[in-house]
Amino acid sequence: MATHERRVARETPRKTAVRPTAASKPAGAIEERDAVVIRFAGDAGDGMQLVGTQFTMASAAHGNLVCTLPDPPAEIRAPVGALAGVSGFQVHFSSHAIHTPGDRLDALLAMNPAALKANLPDLEPGALLIVNTDTFLPDELHAAGYASNPLQDGLLDSYRLLAAPMDQLNREAVAKVKLIARETGRCKSFFALGLALWLFDRPLDATLRWIRDTYAKNPVMIEATTRSLNAGYQRSAALRTPAVQVRVAKAESEPGRYRQVSGAEALTLGLLAAAHRTGLPLVFAGFPLAPASEILHQLFEMKQPNVKVIQAEDDLAALNLALGASFGGALGVTATTGPGFSLQSEALGLAVMSELPCVVIDVQRAGPSTGIPSKAEQADLLLALHGRHGECPLIVLAMATPSDGFAIALEAARLAIRCMTPVIVLADAYVTGGAETWRVPTLDELPAIDVRHAKPSAGKTFQPYGRDEHLARPWAIPGTPGLEHRTGGMEKEAGTGNVSYNPLNHEEMVQTRARKIDLAVDTIPPLEVNGPPQGDLLVLGWGSTYGAIAAAVERCQRKGMSVAAAHLRHLSPLPKNTGDVLKRYRKVLVPELNAGQLSKVLRDAFLVDVVSLSKVQGRPFLVREIEQKIEELLRNA
Amino acid sequence: MATHERRVARETPRKTAVRPTAASKPAGAIEERDAVVIRFAGDAGDGMQLVGTQFTMASAAHGNLVCTLPDPPAEIRAPVGALAGVSGFQVHFSSHAIHTPGDRLDALLAMNPAALKANLPDLEPGALLIVNTDTFLPDELHAAGYASNPLQDGLLDSYRLLAAPMDQLNREAVAKVKLIARETGRCKSFFALGLALWLFDRPLDATLRWIRDTYAKNPVMIEATTRSLNAGYQRSAALRTPAVQVRVAKAESEPGRYRQVSGAEALTLGLLAAAHRTGLPLVFAGFPLAPASEILHQLFEMKQPNVKVIQAEDDLAALNLALGASFGGALGVTATTGPGFSLQSEALGLAVMSELPCVVIDVQRAGPSTGIPSKAEQADLLLALHGRHGECPLIVLAMATPSDGFAIALEAARLAIRCMTPVIVLADAYVTGGAETWRVPTLDELPAIDVRHAKPSAGKTFQPYGRDEHLARPWAIPGTPGLEHRTGGMEKEAGTGNVSYNPLNHEEMVQTRARKIDLAVDTIPPLEVNGPPQGDLLVLGWGSTYGAIAAAVERCQRKGMSVAAAHLRHLSPLPKNTGDVLKRYRKVLVPELNAGQLSKVLRDAFLVDVVSLSKVQGRPFLVREIEQKIEELLRNA
Amino acid sequence: MATATLPLLTPNDFSSDREVRWCPGCGDFSILSQLKKVLAVLNVPREKMVFVSGLGCAGRLPYYLSTYGFHGSYGRAPALATGLKLANPDLQVWVVTGDGDALSAGATHLIHALRRNVDLKILLFNNEVFGLSKGQASPTARPGTRTKTSPEGSFETPLRPISLALAAEATFVARTIDVDVNHMSEVLEKAAAHRGAAFVEIYQNCKIFNDGVFEYATDASIKTDTVIYLEHGRPLLFGRDRNQGLRLNGFEPEAVTLGHGITMDDILIHDERASEPTLAFLLSRLIGPHFPECLGVFRSVQRPTHQQLLDESFLQGDPPRLFEKLLAGDESWLVA
Amino acid sequence: MATATLPLLTPNDFSSDREVRWCPGCGDFSILSQLKKVLAVLNVPREKMVFVSGLGCAGRLPYYLSTYGFHGSYGRAPALATGLKLANPDLQVWVVTGDGDALSAGATHLIHALRRNVDLKILLFNNEVFGLSKGQASPTARPGTRTKTSPEGSFETPLRPISLALAAEATFVARTIDVDVNHMSEVLEKAAAHRGAAFVEIYQNCKIFNDGVFEYATDASIKTDTVIYLEHGRPLLFGRDRNQGLRLNGFEPEAVTLGHGITMDDILIHDERASEPTLAFLLSRLIGPHFPECLGVFRSVQRPTHQQLLDESFLQGDPPRLFEKLLAGDESWLVA
């Protein structure tokens, strides 16, 4: 299958006259690897996100499977050279299936001392370290907290150091182009990129095309960046040891169209796909709150007919807007983050009571309160399940990987519409910010979503709180004659939907709303197990820990341990067979980026004494951490 | 002990010249009872809340133990005579300890057909039924949905009917006083009250005193109401059968001062007592939301120096106001109800993060969303425990009976201040609206509350997030030189309180905040068991179900069953011995006015397969319902 | 909406089957019945109308109408209605709110619906008290109002809904009163005809908790002296004989009587279409006892609606890409 | 607070040990440094000062001051500060907020703090954009502003913070600008001296997401023509030679040049103490390019503070009962 034909499709027409061209490829020694983890790190102004993205694109287009994790600085603009301003972007590319952006680094590119300082601890001994030596000056070293120059004091002895005076080489490369200082600086990132592309034997085409499109109106920058890129690509051969190239073979993939997709893009595309597939208008109301804002931004960018995107006046307004839109016959959606999600508790109650289809995406971040903005955490699970006054059940899903955002958005839309209920999708910055290779579905591969608008039926009084076989009430769209009705937050009489204070009716409605959610279980897939169907240990996860768990379990399986992995994308209701699956293993390990919230749910539901592996550091699990816990549990078994 | 001297203390000076005097007591047959449950029911305009309260006062002053439940109509003013406008007030008075206002009625006073219709189902066969016959006219009967007149069609045959033409008798009584029609109407409730007082052999003094104080500026009304009251009291002897008096002997009580107290009053007094005891200013910020508004109203009424009460602009503002006040060195408190409590989720997160002492009272009502305003439910437990984004633990208490409001408010204040944390108190309309006899504590009986304000210590930098032995951080009050610091919603560095993005610090802080709450367990009493220390069945409750559970378990114990009762007032943390206690019984029954929320907590915490008894009707448990469930469980044991 | 084929509707066609649950004597009854009359003549089919409300006595109104309705949560109706209108711009959407609902929890949403000029008809029933929650002080309570939360009389400066709406860039701002049924019809019809956000404050008597606060404006024996009816382009006159008027003294309005050197030329002319709402703002400040209060349209100007602006914005910039293209993104590749 | 014994404070005494984390070139730096200068001369001990903020770049300010501080949640700072002031009326409490913080989620709280006249100094850093959340449209964004959420340019009508504050019955309302340090000091000192709620809008440049939007008011070469400095009792003049001014044409303001029959008598006189805020409102409506914008104090009037009213109200009605009496209630009895 490695012989599969592969060609890169270009979606944007080439408009420019100046055609950047690739330099001829310098020769060098080549080392083969299965997979590589590289991190690009520099000052916020050094363009590391761009370098990372372009490197990823090139790797993916080259035929590797790719998993990435951007790590932009928390500050909008920290002082130049400060630790707080370090921006990172990690790429894991390989010739076989990978699940995470990688624990430890096989290579690090550090544009300045602060970047080195912040990232060196993650670099494997003996790994490749590429350094821009021109920035290792007294001021920069001081800002990074280095007492002496690590290039000289032996600190870096255990790495394969590639010391490149990038500022200087880049300046030389663009000397003939008329640039202002800031532009020259921007070109430096292309120099670094060129160097990396050469080192890992990736093609330049994708980047050249990107340059052409991006600077279409600025031929001077096309010229300059192309020169920088080529200089990096060529000069590398001339640089000091170890100028060895590393090559990672293409992966085998099913036929189809492929792209890189971030979790935020995937969610956005999934929502648009739901609108496309159903023909329903999509109304997305969002209030900026990092890291959820990315979805709002994406929706503004990917404008589509039949899709309306609005920045609400606050988080509570956002959900009310979405709910109003759902009442009006659209798919109402909002996306938020912990603080906004807490605020929306009241509005979610209204959504449950009015039984309208809407979707709330919560990109969880480290809390409580303002917490640590944008850092990944999974500590909103119990809030999603129980965070509303009264008995207020709804459907809760969680996305497992960046590309799963597409499927989960469609699944959320499907369930919301099928069951006439709000659906919560849990994510976090680790999955929305990360990206991976994704096979783009064709339009007819999109799953069916069954929309049934209520229709008046002659002679019968309309029952706005009548029920179908799924206990869903009818979706009666204002504008339809004969279906005029009133809904809202007060308890409804079964059938008529009139306000009712009747005690037994209330109990019936509480039970009906709960059963409706329970019934949704019939339309969701059972929990699948990866590994032996019974045995010593099951590792059960949910949400963004998917990759780390899958990788850890695979490693342990390779070592011959009796361990299986399973992953929950549906948290409410849980797949029907969840309890059965749990009971087939002697132990159950539940790794979570919280203090053990799914553990609580499982203990309550199945009275199984699951073991919780908790990490609450605003950071994802390392594969190694889960692997170690598995080994520990099996040792003591 | 029945010979204990008893005298009624008057707290308000008598100001009036006109002195109402009691009529001489007419004679009649007398029947002795242990306890009686009576309900007064009438149109919203008939003054039933007044009649009920006065009757209760008289019974309590007479020496009975008393438990009451007002049931005012949901509508502010329904059309006269409508079912929606029926107002009820139930009084249970007895010569021994009682726990609830009673399941079934021994007596019903119905002022009109609607009141009869609405309440007859609760009346025991053979019980006393007092009816105002003057309202059984075609229009009223129609409004109540009676096709024929129940006074004539045999419907009431199985009751001991006392048919009194109250309108007429009352009109005659006040004929000599110059009143407008509306005033005559108001007097009618005093006629009914007089009648009831005679029937149950209660003294008139308390009511006469109340009349005097209330109408101090209106001698005409004093005259008129006194006449009506006396007429009811005297005329009763002349009325048709069964003009038998019922007498309930005095109860034995510890020496001390006693009063009637409603749950809302008790909570209010408890908060004021906390301020009194600690010397701290109390800032109470509330936003009206029934049934919590009652606490706000009470606080406005019971004005005290050093107490500030403010109506906030909304529920979220209310908690922010309270939190700001706590930061300023006051005890900040708010009280709300489901919808407001949901809204406050975000602010509670801020309170947890800033680690300031504040108290949030949630008078739960039937939800979700607007639900059924003011009806009792216990469905906010999981919201209280988990309803905030991030790992966000705090202390959760629940009041068990109306008078427990006093103790629980003090306990909430104590724990909030001791542990520097928000404390949630769960209540519902059943306990805040109900009232019972309460021994008034003397000031030196008030529990100690240890307040330690931080003091600057020379030479040491102040550590706003340092910890004491309870892991509480110091309470440093603005205005104190040397303790200037910044707090807020972002993650704090341990010790310094500076904003910190450090992953390991975050994990440490998440764990510290959790351990702080866990540690509070050392200062709370163990779970006590009423009944055998081990056995077949433990009935475990929390909050307002206390009375029904206690009564049901006592009944079953009297029948010789091996059943014990225990009640949780602390829900987070749970008393240390909770798990042990649970495991000493073969079965555990958890009755809740929700779909089984405490059950979930217990199953998760102790992996015990507790049996949930759920009722979600906006109504409290009947003793009988729990009794039946106990019997069923023990039958199948 | 084809209007020609519309069957004629009567006010009764707008009644739902629900029993009306306000207190006897409440001003809401009068508003409801007048509203039904207005709805009947708007030439909009019933199914195209939606009433969205918040919580409060006012908020119950949708239950009593046979249109579509949504009884939302406290203060959030303007946001919910905005979403509805986005989903379905064809609908005629009314928002019913109270002084508490709109100006305590909901002020933010109200302000934003107005500045966006969402095509909503917003009716604020101002009874200057919290009714449904049983009698607490409202943000519009006059100083001295005794309620359960202001036992010694309210002392916070009340908000003026009209001033606030004007400051929130509203394009249509008016005031009317529950019992003046003709005036109310006139104002409601104008609000319905306005394209964009129309804000109407309705003075409404709460029989139970704030009875009689607007008596000065309803009592026929005095209201000629206490009320000015605003008419565009007409002088601001009042009084039984319309011989009193408003004139400007610097920036201070003055109530004057014609004669003794004061002529019609001195009297301010009402202009609801002024480019800036300054005069409207001035009029919103007038309250008794020193001034008559204004009823009628304070401001009525045209500005593109939120929907129009959204549509325009959509046409600007690059045209939307085919969904297939979006899916494939900027860079994709085929594996054969 | 004894003032005589206060040690003299310097601006530096108000610096905390935290590194300032705004973007290089941000207008917030200038505000911070000017604020420290003002604080140093207020004669209030550092420990009596509290800075309460919401979320946003502006909201970080408390970390950089050595006073007490509370960095609250989005939009709720005015409520939190009101509670603080209730608990501890002796403190001097400042609220720092941004245009998003104050006018999107927080508008309700802002409005209520103003109408209550809580003794807070409220500084709204208006950069007409969401800074901290990385560049989205703000409620004050000028039409056409391109942001991540208005890719074709913002089209919603912006809110004017000053208009809104006036409509919310604020007693002190002013505007100043980040780089005009002397003007800022003057305004901040007046705000600090005001008894009651003082609202100050500060035009602030966001270097990253909205750079240069106030250039017209800072660029020395043109600002004389684009800015009017408000001075109480003085004519509203502007222009390099102060030969231009504002006059009234009906209710429409007009920018005129003196001469050609236009004299000083035609020019409006500023009055920050007018009984009603109509003139202030008119001035709040002036924006470029057709009008100069006003900097300075729009309104400054005395009204009892919330605390004063609360205290007065406490003295009215029945005196508080002894706590023992309250405990025993109206009816109690002794069992011996």
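Order of writing sets the chain letters: A, B, C and D. Residues in each chain are counted from 1.
We take it that contacts are C-beta pairs under 8 Å (C-beta built on N, C-alpha and C of every residue); 3 or more make two chains touch, one makes a residue touch a chain.
Given the structure is predicted, the values throughout are model-derived calculations rather than measurements.
Looking at the partners of subunit A and subunit C together, the chains they share are B, D. Ranking every chain by how far its Cα centroid lies from the centroid of subunit D, the top place goes to B. Spacing of subunit A relative to subunit D, judged by their CA centroids, is 40 angstrom. Averaging Cα coordinates per chain places subunit C and subunit D 29 Å apart.
Taking the mean of the C-alpha atoms as each chain's centre, subunit B and subunit D sit 45 Å apart. Residue positions 313-314, 316, 339, 346, 349-350, 354, 369-370, 488-490 of subunit A each touch two or more of the other chains.
Residues of subunit D in contact with two or more other chains: 55, 71, 73, 104-105, 107-108, 111-112, 139, 151, 310, 317. Residues of subunit C touching subunit B in their complex: 21, 23-24, 55, 57, 71, 73-75, 104-105, 107, 130-134, 136-137, 139, 148-151, 207-208. Residue ranges on subunit B touching subunit C, taken from their complex, read 75-80, 84, 287-290, 293, 296-297, 300-301, 311, 313-316, 339, 369-370. Of all residues in subunit A, only 4-12, 57, 60-61, 206, 209-210, 213, 253-261, 265, 269, 272-273, 276, 281, 283, 285, 302-305, 308, 310, 312-314, 316-317, 320-330, 332, 346-347, 349-350, 354, 440-441, 443, 477-490, 498-499 touch subunit C in the complex they form.
The touching residues of subunit D, when paired with subunit B in their complex, are 16, 18, 45-48, 50, 52-53, 55, 62-63, 66-73, 76, 79-88, 90-91, 108-109, 111-112, 310, 314, 317, 320-321, 323-336. The part of subunit B that touches subunit A in the complex is made up of residues 74, 338-339, 341-343, 345-346, 349-350, 352-354, 362, 364, 366-372, 375, 377, 379-380, 382-383, 385-392, 488-491, 501, 503-504, 506-507, 510-511, 514, 594-595, 600-601, 603-604, 607, 609, 615-619.
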